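A, B, C, D and E are the chain letters, set down in written order, and residue numbers restart from 1 in every chain.
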Amino acid sequence: MCNCGSKDVLTPQIGVVTEIRTETSDVKTFRIEKPEGGKVFDFMPGQCAMLSAPGMGEAIFSITSSPTTKDYMEFSIKRCGEITEYLHAIEVGQQIAIRGPYGKSFPVTTEALKHKDLIFIAGGIGLAPLHSVIDYMLANRDDYGSIDVVYGARSKEDFVDYKELSEVWPKEKNTKVHLTIDKAQEGWTGNVGFVPQFLKDLKFTPDKTVLLCGPPIMIKLCLAALIEMGFAKTQVYTTLEFRMKCGVGKCGRCNVGNKYVCKDGPVFRCDEIDELPDEY
Amino acid sequence: MLKINKAKWAELFAALSAQGTLYLPAEVDGKVDFTVWQDGTEVNLQATQTAKSIKNVFFPQIENLLDFKTDGLKLSVEQRMLPEEDTIAFGVRGCDVCSFEVLDKVFLKEPVDAFYKARREHCTIVSLACSAPDETCFCDTFAIDATNPGGDVTTWLVGDDLFWQANTDKGKELTEKIQALLAEGDEAGVNAQQKATKEIMAKLPLADFKIDPKIPAEQEKVFNSAIWKQLSDSCLSCCACTYVCPTCHCYDVRDFEIDNKVERFRCWDSCMCKDFTKMAAVNPRVSRLERFRQRYMHKLVYFPENNEGTFACVGCGRCLQKCPVSLNIVKVAKALGVAKDV
Amino acid sequence: MQKIGVFVCWCGSNIAATVDVAKVIESVKAIPDVAFASDYRYMCSEGGQDLMQNAIREHGLTRVVVCACSPRMHEATFRKAAEAAGLNPFLLEIANIREQCSWVHKDKEVGTEKAIALAKAAIAKVRFNSPLQAGQSEVVKRALVIGGGIAGIQTALDIAEAGYKVDLVEKKPSIGGRMSQLDKTFPTLDCSACILTPKMVDVAAHPNVTIYTYSEIEKVSGYVGQFEVDIRKRARSVKADLCTGCGVCQDKCPSKKTPNEFNQGLDNRSAIYITFAQAVPKVPVIDREHCLKFQTGKCGICEKVCPSKAIDYTQEDEIITQKYGAIVLATGFETIDLTKFGEYQYGKSKDVITSLEFERLTNAAGPTEGHLQRMSDGKQPKHIVFVSCVGSRDVSGRGKEYCSKICCMYTAKQAMLTREKYPDTDVTVFYIDVRTPGKGFDEFYRRAVEEYNVHYIKGQVGKILEQGDHLLVYASDALSNSHISLEADMVVLATAIQPSQDAKKLATMLTASIDNNNFFTEAHAKLRPVESPTAGVFLSGVCQGPKDVPETVSQAGAAAVKVLGILSKDTLATNPCVASCNERICSGCLACENVCPYGAIGGEEKTVINLNGKREQRVVSVVNEALCQGCGACTVACPCGAMDLNGFSNKQITAEVDAIC
Amino acid sequence: MLESEACENTNYNPLIVAFCCNWCSYAGADGAGTARKSYPANIKIIKVPCSCRVNPLFVLRAFLRGADGVILCGCHPGDCHYTSGNYYTRRRMKLLMSTLSYLGIEDGRMRVEWVSAAEGNKFSETMNSFAETIKSLGENVKLRDLRCKK
Amino acid sequence: MQKIAELIKKEAESLLKENKVTAVWAWQPGEFYYDNSPVCFTAPEQLDKLVYNEFCPSNLGKYLMAGSKKNETMAVFAKPCDTYGINQLIKDHRIKRELITVIGIPCSGMIDIKKIKNQGVKGIISVSVSGDDVIVTTAYGDKNFKKSEVLLAKCMSCKGSDYMIADKELGEKMEVKCQKLNPEDGVKKLEAMTSQERFAFWQQELSKCIRCNACRDICPACSCEQCIFDNQEAAVAGKASANTAEEQMFHIIRAYHVAGRCVGCGECARVCPQGIQLGLLNTKFAKDINEFYGKYQPGADDDSKAPLVDYKFDDVEPTISAKGVR
């Protein structure tokens, strides 16, 4: 037992997995609550949490559910390593160690996003952090302008949360969802092509604010496309969601220049990233 | 100012050790390192520098943080007891004393590292002024006065007498506990020694070595310097420099599995290693150049940027002594052109 | 997290008597990823297999551990069952809680504890098992039979009859083996030559059979389906294709002082000789060691007299390299050396002979043309003593601990035939036990005693002394508990048999195992008695253990069937437990290549993804899975752990170690 | 001497890991079972295809994790199912044993024995004698990772 | 040595000028006279920084690995002892022979600055060496030493002045003049101790280890793409030294992995920041190999079969030594 009543920053809490949804062939969504019920901790959209696979270690994941959800938080996790392998194999009822929240959130409460017309651009599992923001905004719909979600995946089967994408969000006020897949596929009537081109095709006006999340190469190309369309880097927010270890800005792994991704990020405005050394 | 003669040091160490675990420089196999004092320990107060820094008193090389226990689907976490042991770090040179300030800026910054904090709070630092600096010393570069090293208590070794001056409440408290052993001393000897030491320091090869305090502002230029390649080409990517360094503080968190219990521990790691904090992915800085650059950029640029200009180097010179291929922060700084005298 | 199913077998009371099965179940159930655990009286039975298969399906088990008998017994059974239920067969492990637990520990508490530990180790290992897919290797449709005695002949014939090519290799100049030396066979008293010769002719004439006589195995490599064998065909110095077997050469040969091996050295032969009249092939061979032409350069008579110009002094040994799908060992036996049994005067007195020598002595084609006479003076013996168990069932260390099995019966045969042919001869047999389990065997023995009045004395012969032209036999009579001595004109020793000297050399070449007595070991004493533990190598005849002719012939047929089982397939599933190289880590030092016994590893310069995820070109090890046999030598030679072995990976073994410690 | 007596008094049961090659020694162990030749229960067998599969790392790992003794059994030299595997084993283990001794680890904590498939008796005798040796040596304290103390 | 330094400079210059190689590995001076470090020169104008004196102990062979992967042509200056390591790296396919030009340079022994400093010398301003005389100028006055008394341990057991591999040799061969040390002597001394004493000795030695990996990273036999200790999958000793048992493991396994490949260069012991006598471990393996399997010098050639990937039918059996219990 801790002798001073103060928990160390690296000591996790216990949560229990209460629901597991299989989203795609390699993505599952996990719902986690306190063993006695309720959310393990409060957070803001874009923040992350560290999940433990005892014996293997920890890995950081962005929280997918909305902060406005009172009872639980959710994580959409793609299978891509030892720890995610472990998580994908667990069952409902399994207890799990979790600590957080870590990092800065998207500036949802500031004028940076409030009352702005917004474009969310996501690729693959990149929807996870944005999902939280979108849900938060839909819950506080009147605080924000128009919402356009542009989401690309390899195939129809690779969309995470397809049901919500196709049935729930489009019904919301002033909200549009634009889906695209990489290659043509039977039964798919939507757009085919990569996200950067799709963006240009959608002809967004450059007065909107962009939240961009996905694999590094997609971010790079989308950013180029946006700039071509007349957007400024100050209008684009993205996340550098990788290589975090301790989560508390000490261990020395995740820094890019003097910024610690886990503490100063993972949400950055694209012009801030430009100031960092080219090491991400 | 108080003093104690060599004849009574054994009593002094015994008395100090009664107040807490006493770490002091001692010689084993011809090598001087901080060691827990016991009766018979061969104390060495002459050595300018210990082989390793004393950072492990606050930041042990390996530290168990917590235990996981599994029982079916149930999981429990039990944090380890925070250390409560009182410690005294005796004979700490000025450079090392300053290194604690660097570490504090990391571990005591929010969110606070509870283990480090507990250790730090339970320790009284008794520093020892330098009287015979070595050619590898360059604490002056960072405006550290080796002849007046600070800490909770400062001591000076002049001839056979150890002069003693408490600086803080903690230091005074400790002084009171051993008051009986101490006699009044006058400052003349100390002052003379301080003067002589400074004269020696001026003669040493690194006396003029200064780092431009403005380099953080030139981050981009430094980061993209062509010199990193040539320097890092000869680096072995070992972590001798990081592990002897008093300010390096990178760590890894790992699990150790025994039956259905898992111990989670924290251990030193080095940003220079290929497998730094390795889990699913490799060191994010994949090339040797990136890793090498990271360490020096961190010490000379990033850290001062985040900490009001404080460099993450105290000029102890250990890396100059220990690098297998004689690469070190001085060589790097000079090559980068951030040293003032070039 | 895996879903592991654990099944604990009672094996009737074999396991359940020493292991508290319920407690094992209870303990393993507490292990986090054990999703199902159950016990069953006989897991290997259909019911047990059903239980496992249902559990795999119902609980979606991803791994299975069976705690039962040795994996050498039923691993294959359970793996097959798991596969039928849709689980990759290599996701199953066996915890050996019978042979290595319940059968060696008496205390139930101790046994239970150990069974739990073994189960835990298997569970720890199985977590890291990965699904393996057996590869395929082609089968060479040709068999090799080593040894041309009745066992080898029968095996070769059976294989050939089924339509496959078979090569028969015999060390001696002629096939026929021991059986060709025998006079009559028990218990029917057929003439041995009369029943063997037709078979020899058949096999020689069979279009599917190639016979290599005077030949030996030089080298064996490869594996089941793909053995590669070098056969050394020794120089005969006679062109087989020209020779008509007329025998002039051996008649005219001036060197006639070589002991005749076929007659057990009871007479001499010429340097150029045909082993025996019915030899196949009936082609003489020059024994170069005793040939004047080869030893002195002079002579050359045979060349001159040969009507068909078949003599060729320049012939050299030939190495024939051939690929085979399967190999049968039929190397037979020889009698043991009796020098350690000085008390019998064997070798000192010409009238003390072995039973095999007796066979030649009574054989019409033998040195005495079938007349029973003493080798010392040519007189017909009036009193013969047979001594059984000479060197058999011997715990003194001079002979063999095992029973040679055939002696009781041939002794009875020899005694009976003597009495029949020479009714005035007195025949005494000393025995420890008379063992007659066999069809018609006991009747045969009783006939010897009852009809032919052979004196059977239960007792051991302690000493034999020469006295004048007689032999004095000192023995004990166990029934009357007295010492007796009797005079004899001839003593016949029923000498123990042992595997042929070549067995050991062959075992090494074939990596087939042999037991302490150099008999080849069968894969399973009861269930796989004709298979060696090495896949594709089968056993026929006495090389596996003492047998009489009918047993040998039936085993020879069985071995042939096993061979056919392989040859009839076009491909065989290869062992998927082979080495594999993690190219990302491999540094290309090729230590692995150096230790591989099969030449299955080689270095290749390749473009690989390095540890930083970048492409680079460097030398890495590449495993040829068809050649790899899965020994794992490479995995240890590899310093960085790039080389690993499927089924016995570093992780699996480490997990077992951790679980046990 | 005193140590070993003390151990006997406390019913000290050494933990022993036995690596056995599949073709000879594991079959030999089965043979011991079939013949009901007993040996101490604290000897646990790990099956490997060939003795040459046993990495010295496994042996060290066993000691690190608290094994009191490690024994490695393989086919007799010359009889290896894989022709030459046990020849490599012989060199590897010879050097390992020599080094362990050099580091001050008690001689005898590790052993290599050649046991054929037919030598069930020898297997059981070997295990009994090895267990006795380890009993007389007492607990492995020198190579054990302190965290693994049970 | 100054003369040889000139020869080296000239050679390097011509190699680079004539584009025979794209890189030359040599040494450059540090802050003090004694801390030269390895460096890669790629242009002739950089060569004024080239240095060769009694403080160039590093073997440059391992640096060739990176360039070899990129198919760069490189020249390397190698002292006689360095050539063993280079051969070993070629044998392990870590350096492509055809890419490298090995230039043998004579050596009369390297000075161990630690030996000088251990005698209480501090504040070194300069060092000058002429013949056997070493004059150390310090902020506290001058000190004189005999070179033969302050040589590196590895030089005191110098394997001789011959090059095991060299495309060209510069200057006249030189001998190391000093009281020679046989590295096996230390091993024999330990072997003569009791088991308990040996254990105590190694506990003391190995507990100093801080797992900085300097011994491994300098070692010409440790050239794996990924060391087993960095491979989580392999589950061997972790990166932290949790207790002496783990340190023990690290050093046994490392010594084991280089057994039969360790060229005996002594660099591991030289670079150990904690002064662990690592040579005693590696030399033990070498000594055992020589005794059990016949004399073998790794690195003397680039094609022989190393003892641990070889065997003889009548190799010595791994039985318990005569001194053993029972």
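In this section, contacts are C-beta pairs under 8 Å (C-beta built on N, C-alpha and C of every residue); 3 or more make two chains touch, one makes a residue touch a chain.
For each chain, UniProt lists the protein as follows: A = Anaerobic sulfite reductase subunit B; C = NAD(P)H-quinone oxidoreductase subunit I, chloroplastic; E = 4Fe-4S ferredoxin-type domain-containing protein.
Keep in mind it's a predicted model, so treat the numbers as computed, not measured.
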Check your understanding: What is the minimum number of touch steps required to go from chain A to chain E?
Key -> 2
Study note, to complete from the structure: Neighbours of chain B that also touch chain A are C
Point to revise | Chain occupying the most central position, where position means C-alpha average | key: D
Check your understanding: When C-E is set beside B-E, which has more C-beta pairs in contact?
Key -> B-E
Point to revise | Farthest-lying chain, centroid of Cα atoms versus that of chain C | key: B
Exercise for review: With chain centres taken as the means of their Cα atoms, state the distance from chain A to chain C in Å.
Suggested key: 68
**Study point:** Chain centre separation (chain C, chain D; CA means) in Å
**Key:** 30
Review point. Once you find the CA centre of chain D and the CA centre of chain E, what distance in Å lies between them?
Key: 36
Study note, to complete from the structure: Chain centres from averaged Cα atoms put chain B and chain C apart, in whole Å, by 72
**Study point:** For chain B, residues that touch 2 or more chains besides their own
**Key:** 70, 73, 252, 254, 256-257, 269, 274, 279
Revision key, fill the gap. Touching at least 2 other chains, the residues of chain D are 56-57, 61, 78, 84, 88, 92, 147-148
Point to revise | Where chain A touches two or more other chains, by residue | key: 91, 94
Point to revise | Those chain pairs that satisfy the touch definition | key: A-B, A-C, B-C, B-D, B-E, C-D, C-E, D-E
Check your understanding: Hey, which residues of chain B end up touching chain E in the complex?
Key -> 28-31, 48, 51-52, 61-62, 132-136, 200, 203-206, 230, 233-234, 236-240, 242-244, 252, 254, 256, 265, 267-270, 273-275, 278-279, 320, 322-328, 330-331
Practice item. Show which residues of chain B lie in contact with chain A when the two form their complex. Key: 65-66, 68, 70, 73-79, 81-82, 84, 106-107, 109, 111-115, 118, 219-220, 223-224, 249-255, 257, 262, 264, 266, 269, 271, 276-277, 279-281, 284-285, 290, 294, 297-298, 301-303, 305-306
Exercise for review: Show which residues of chain B lie in contact with chain C when the two form their complex.
Suggested key: 70-73, 257, 260, 274, 282, 286-287
Revision key, fill the gap. Residue set of chain E touching chain C in the complex reads 69, 71, 92-94, 223-228, 231, 233-235, 257-258, 305-306, 308-310
Exercise for review: Give every residue of chain A touching chain B within the complex, in rising order.
Suggested key: 1-4, 6-14, 52, 54-59, 80-84, 91, 93-97, 242-243, 245-246, 248-255, 257-258, 277-279
